[in-house]
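First chain written, first letter: the chains are A, B, C, D and E, and each begins at residue 1.
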Amino acid sequence: MAPVTSPPDQAVKGRRRATGAAPDAAGLGRARATGFLVPGMVLILLFLVVPAAWTIYLGVTNYRLTGLAAANPEVVGLDNYTRALTDERFRSSLVLTLQFVLGSAVIGQAGLGFAIAYALRDRRGPLRRLVEGFVLLSWILPSSVVAFLWIALLDRDGGTLNALLGIPGTAWLLDHPMLSIIVFNTWRGTAFSMMLYAAALENVPRSHLETARLAGAGTWQQLRDVVFPRIRGHVLTNLLLISLWTFNDFAPFLITAGGPEQRSEILPVYVYKVALSGGELGFGAAISFVMLLINLVIALVYLRMLGRRKETA
Amino acid sequence: MSTATRTAPARTDRPAPGAAPVAVRHVLSRIGRYVFLCAVLGFFALPLLWLATAPFDETPTITASLPRFTLDNFRALLDNPYALSSLLNSVYLAAGTAVLVVTFAALAAYALSRVRVPGRDALLYGLLLLSSIVTGTATMVPLFELAFRLNLIDSRLGVILILSGGLLPAAIFILKDFMDATPTSYEESARVFGASPLQIMRHIVVPVVRPGLATVGVWAVANVWGNFLVPFLLLRGPEKAPAAVIMYTLYTEGGQADLRLLSTFSLLYSLPVALMFVFVSSRYGFRFHGGIKR
Amino acid sequence: MSAITMRELTKVYPNGVRALDALDLEIADGEFFALLGPSGCGKTTLLRTIAGLETASGGRVHIGERDVTALPPGRRDVAMVFQDYALFPHMTVQDNIAYPLRIKKVDRRARADKAAETADELGLGALLQRRPGQLSGGQQQRVALARAMACHPQVFLLDEPLSNLDARLRLEARTFLKRLQRELGVTTVFVTHDQAEALALADRIAVMEGGRIRQVGTPTEVFRRPANTFVAGFIGSTPMNLVDAEVRDGELVVAGTRLPVPEGVQVTDGEKLTYGVRPEYLDHTAEPASGGLRGRVVVVENLGSFSLVSLDLQPADAPAGDTPGTSLQVVVPEGREPAPGDTGWVVPRPGRSLLYRDGELVTPEATPAVPAARTAAGAEQ
Amino acid sequence: MSAITMRELTKVYPNGVRALDALDLEIADGEFFALLGPSGCGKTTLLRTIAGLETASGGRVHIGERDVTALPPGRRDVAMVFQDYALFPHMTVQDNIAYPLRIKKVDRRARADKAAETADELGLGALLQRRPGQLSGGQQQRVALARAMACHPQVFLLDEPLSNLDARLRLEARTFLKRLQRELGVTTVFVTHDQAEALALADRIAVMEGGRIRQVGTPTEVFRRPANTFVAGFIGSTPMNLVDAEVRDGELVVAGTRLPVPEGVQVTDGEKLTYGVRPEYLDHTAEPASGGLRGRVVVVENLGSFSLVSLDLQPADAPAGDTPGTSLQVVVPEGREPAPGDTGWVVPRPGRSLLYRDGELVTPEATPAVPAARTAAGAEQ
Amino acid sequence: ATACGDSSEPAGKDAKNITLTIAANSIVGGKNSAGAEWIEKWVIPRFVEAQKAKGVTAKVTFVPSGVDDEQYKTKIALDLRSKGGADVIALDGIWVGEFVQAGYLKPLSDVAGGEVDSWEGWSQIPETVQGLGSFEGKRYGIPLGTDGRVLYYNKKLFAQAGLPAEWQPTSWQEILDAGAKLKTLPGVTPIQINAGTAMGEATTMQGALPLLAGAGGEIYADGKWAGATQPVKDMLDFYAKVYGGGLGDPKLQQEAKGRDKSFAEFAAGKIGILAEGDYFWRSVVNPTSGIAKMADRDTTVGYALIPAKQPGAGIRGQDFVSMSGGGVRVLNPHSKFPSQAWELLSFMHSAEGVKAELAGEKRITARTDVNKEVLAGDPMLSFITEKVLPVTAYRPPLAVYPQVSVALQEATAAAASGTSADQAAAAYQKKVEGIVGGPGNVTS
């Protein structure tokens, strides 16, 4: 058959009836669809919604794991929230978290992931498999192992990086803790973006890129005019998910433990310290809920920026 | 219709104007691309170096270096009564969770993709947000008490259920994109032949979205494989503890890392997921769809 | 094998589009029936409603004696071939063909035998172990047919089965399809928007527009006597010339030229009608001809053994250049083509002109047979 | 506007496919040139190599005086319309048309003016603010053309510009395209796998097969005198009949019937040749005719004002039923169609038969003009 | 375990079928492996045998763990909160108070009855050490042992710097003077006194609290927490002098694995003076089993008491100070077989049991009789028992202590990185007020 220069759904006389247009192709019907949904939803309700709601409730108490407050937790209303919002440490932690998300998720993972996907877009064979293999490996290895690897890499005295660069004594984790965990998390999570964008780029019809090239557009113009508008939805999904995951990522704790001097204490680490080390579960729960709200805001910002631009195509 | 007046572009009669610089630019961009890919490769491979050398080193240090080769570390690890069994436990938990997550998420994603549910995107995103709280530390008391009330303390099933609950929203989110991208004519065709919805699911949808299922499966396994807190809190003895928990025990009294055991165990701990990934990606393909529609 | 009867069939999509509009249609047992119409006219919807993939908003569908309106698709005993063939990409050709039997719980051996047998009939014997991705378009189409045949349905439904094939393959597949249907004798409904395909293949054709049927008839009927200007414009590899005409003194005035009113048509003076004649039924000469329409040649398209000449009409009594914009197309045999810019005369062949009043045909059927021997395409003056 | 010259052009894809094989071709300035051939023959590759989207593995491409072989696509001064039109879905029609100008850093006002002007020329004036998704196929095609025109390239390259339109629209677009090219006079190369399109539109046609050019010529040349059996089988809305023939006693024996050897062909006794004649140049009668080939009618396909009849040949001297499998297709005017199962005789028209030796045409060109007047399609015996 | 006893069996003293569970943060092949082995190979078989002799079928299981203390604490707290968990549980002594306040623990005699008070072991455990397992005057658990903090120094480096081989500073200034001399040696960090949050509790125990005690301050006294008091300022000032004066390596304090690294550096002869507990001697630079082995430990490593700021300026007017901690084992108040659990607990803490637990290793146990026997030949540990324990102090076992400890660590970090002692103290005071519920609970 003719090599298709654009995906089928792009063709003017649609060859494949694309998504959503004809719902319920298998004749599920509402009742059966509900049946399909039930097992998953029950699990989610029981093991996700219930504990989440419970946590939100804990957020308005002074509950602790031990001590007097463990015996008789009291509802303290919004005290935890006012405390969090006036807490210097919470605010600096929030700023760090936003830096972390911006640096490692938006710029690092999404940027690098896209760059890799773009560089590999029409490449097959061993180089592609090798690059993808390593990127994916960093994604699936357990965090405790990975944290160790990075400590080994960045160590001040014996670190592989310093040995390679010939600058022993550079204390990456101390002098640039945020940079370190941002680079670390970029390393850790780029795979997801790379795969998503690789899939997305396959949806960009070659003919569109070539039209731009024929008009004389350079790489940057092609990206701006053809690629990006086309993968807007993927960018949105990607940013939503990786921002959410990065925002709640605890792995940097394993590398810097939030230090030095809380200079890399992002919110999940802060919550860990508050809730587990400090035992203040009520306060920790309140912060968790505030984190959820911030995530929501971020999501809405993304949706505003990228979504909802209907193309009646 | 009139023929437009047209300013003919200045015609140059040089044989190949700008051909040479263009060729150079082309070569440069190729080289640039290779350099970039090699840099990426280096960036992603470098941290893994330690994992490849330290386990075979008699006296592993924090620096990755050419090892003084030995397999003693593996022998030492075998002496640890929990090391190998913990890997099996991990397999058990990961497989259980992955099966649950993939099955339930596939069913739910299919239903959501094919039947119009008002506000489904908002619902999905809401669940996704909640799932991020539940992975946090602050939820451990509710999770523990919940497990206690459901009599799931010291039960692997409990761990599997709780982990599944946390992973399901994202899994549904990812899988729904795969389902949306599957042409409905396959299903309609099967339906005309008289296939029931479950048959359609089994015969057509599952095989067609298999790369998606594989991707979500691997993702779920990787998540469970690295999860420490939930199995630690819910499981009692080390007989049931997965590798993530046992990994923490390879420290001495004062909390110092035993690098010999740690590096070796890290390697063994990482291998199953890495192998699984290689297997799955060669067998089923490993890729994503995605993009929020509409 | 069964007849299909639709009564008052209506389909309104949830978005309010009325894709079928109280449609009545009967398709005879064993007939090869074409649904023809422009894009969006509801052809696919009609087919899918017969198959049960869409539930009718109103009206009834019968297959044979059975009222199937409320039956699910799997129990209507129909087979459908989709435009994209919908071959399951993960199954071999054999498994694809055997799939309906698998659903019917035929055991594995019998399935394989039946699949092999059907595949052989369609010349797919050597491809049984391939996957759809490894087949050419024509082969894929045949696999889709084989799958549809495998369970011996009462009705075949084909949705644009040829449109994914390239021009050359399409011709071959067309002949193949026609032969096959002859042999099997199964009632077949097939959708196309290519009138040539419909003419070549079908026993009868329904021409649709906007969810309604505008004409049903044999290819010859539809080609020769389109019931309305819509069908007239749609049928024919070159569409019929449709020109405004006025009745003056009992004669038709078309672009300033007087032509006789076709036999059997009642006209009143001053009435405005549409005059229709196929390019194949017009003769072109370079010299002035009586009863001919004068025009300037604009485009000449080579159609192989003849050419399609488009002329802008220039009424004999109007000064040249003052063209009111009426143009005609004429089929000219090879060797006779004028050059663009030439002036020529166009003479309608007797008995071939049709008159439409408010878009509906008014010319009555002439003597049953073909008017005269040797009146073939564009060959005579 | 410029001529295009290709010398020894070769393209080998990284996977080893030799899509163009030392191809020489010259396309004249202002010509409307068609590339025709079956799927996979390298048409698109040739077009893309001219555009610079593929780098040639060998050989050179000149546009006008310039050797453009090493230039990037953006600097070759060509415009291309893709099969899917490649309209940017997120831009309005206006922005789409103005896109090449935007890249050339024309300022916003000038761009808008130019886009409006071009759109007007193509009758898109009212659609400027729409998005491609809100346009019909034909309108989309015209927007793509407008975008290509907007920056006044020297060369238009069109890759199957009509194949996404439905049958009816395709005809209209065809005429429109031809008219437009006439007016603009820009050198245009267009790819199609539909021979009818190529015949109707092109000034000249190159027929390709397997990365090589098998014939270049005007539509008439290619249609009437295909240089080889490949072209013969490819050109014509119904492919040419190609039948094995043997020379016996200075006469051709085709399926047991003796026919005269065409004038000017040197044959030796016992030689095996291929006898070719178009279905349009055969006449069918129900009564035995001298010099006619006897056959049984198998399929009759309605083609509008005539029909295509396929016969299985039954040599006069062989017992019926012992058919060696040779079949012929004949175009029969309306009203003369036989019924399937009938026996008929097929008579080739004089001067229209071609002989191929080892696949290459050996019949010399006859007297320059058309043999005789009134020899039009399938009308005479 | 409590939750899974056979309910048809009579519970209580006369039960013939008992099941008991022991929980500890130790595991074979990992953290505190020897302790786990002792429970599995010694305690359980012997106890079961002893019960058998009495006609009781006992099933005793050990639930090991091997994780960070905080995680272990969380898990135990959750267990106890849900009235589940093991019957005999090992805890850090400092957790006792908060667990009691939370209602997770009950006095031993309430759980197991009168037999508790008549246990022979109490007489062998010094009052101060018993305090580890007590809260508000009631005994909740039996201590496992204790430890003490001293200043270690490298005699070779001292010799090179012209310092005496037998060194015992009597004031902070003497430490600083020694540091100044050591500073002349290339590549040597003169003093390592843990600071900052990265080392966690090690900063408080090995640095802040001993210094505070040396300045005469207590972190919690008379129901109030110490705020920006003079002793706190003095303590911070000392940090400022060490790290501001180039006598210490401030970077090392910030590294996540800084403590491990300080060990390695000391073992490699790159640190002159190091404040650590006896654990350092036993397990870190131990020539045979240490994690940073020093073959010449006995000759190279010297140890000295931590001096007060000036002689007599320490708490209780002491010249020298130290801090101690240690583990305890408690009974689960919801145990199904409380008296048998007590039997098991006291069995584990019998002289015989404690000796077996040591398994040849030398460590300071809670029992004087055992210490006498075991530590006789070890000058270092004898030094601890004889010289250090008498002057030592313990941390307050309260729920908010961990947070106060973090505040202290942050203050030391600030002081170490150049903030003035006064400023650091003021910031600390503010934080503590926030933690303990207002200025009313803080002295300043």
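Rule of thumb we're sticking to: a residue touches a chain if its C-beta (ideal position, glycine included) is under 8 Å from a C-beta of that chain, and two chains touch if they have at least 3 such contacts.
All values reported here derive from a predicted model rather than from experimental measurement.
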{"item": "Chain pair bearing the highest count of C-beta contacts", "value": "A-B"}
{"item": "Label of the chain whose CA centroid is most distant from the centroid of chain D", "value": "E"}
{"item": "Rounded Å distance, chain B centre to chain E centre (Cα mean)", "value": "41"}
{"item": "Centre distance in Å when chain B and chain C are each reduced to the mean of their C-alpha atoms", "value": "53"}
{"item": "Mean-CA-position distance for chain E and chain D (Å)", "value": "92"}
{"item": "Sequence positions of chain A contacting 2 or more other chains", "value": "1-2, 13, 16-17, 25, 27, 65, 151, 157, 276"}
{"item": "Two or more partner chains touched - positions in chain D", "value": "39, 72, 75, 137, 166"}
{"item": "Set of chain E residues in contact with two or more other chains", "value": "71, 74, 78, 257"}
{"item": "Touch list for chain C against partner chain D, complex", "value": "38-39, 166-168, 171, 174-175, 178-179, 182, 193-197, 199-201, 219-220, 223-224, 234-239, 278, 280-281, 298-299, 301-306, 308, 310, 333-336, 340, 369-370, 373-380"}
{"item": "Of chain D, residues touching chain A in the complex", "value": "39-40, 44, 48, 51-53, 72-75, 78-80, 82-86, 88-90, 99-100, 103-104, 131-134, 137, 140, 147, 151, 159, 164-166"}
{"item": "In the complex with chain B, residue positions of chain A that touch it", "value": "16-30, 32-34, 36-37, 39-41, 43-44, 46-52, 54-55, 58, 63, 65, 112, 115-116, 119-120, 127, 130-131, 133-146, 148-153, 155, 157-161, 163-164, 187, 190, 192, 195-196, 198-200, 203, 219, 231-234, 236-238, 240-241, 244-245, 247-248, 250, 268, 271-272, 275-276, 281, 284-285, 287-289, 291-292, 295-296, 299, 307, 310"}
{"item": "Chain B residues within the chain A interface of the complex", "value": "29, 33, 36-37, 40-41, 43-51, 54, 61-64, 100, 103-105, 107-108, 110-117, 125, 127-143, 145-146, 161-162, 164-166, 168-170, 172-173, 177, 180-181, 183-188, 190-191, 197, 200-201, 205, 215, 218, 221-222, 225-226, 228, 243-244, 247-248, 257, 262-263, 266, 269-270, 273-274, 277-278, 281, 286-294"}
{"item": "Chain A to chain D touching residues, read off their complex", "value": "1-3, 5-6, 10-13, 205, 207-208, 210-217, 221, 225-226, 229-230, 309, 311-313"}
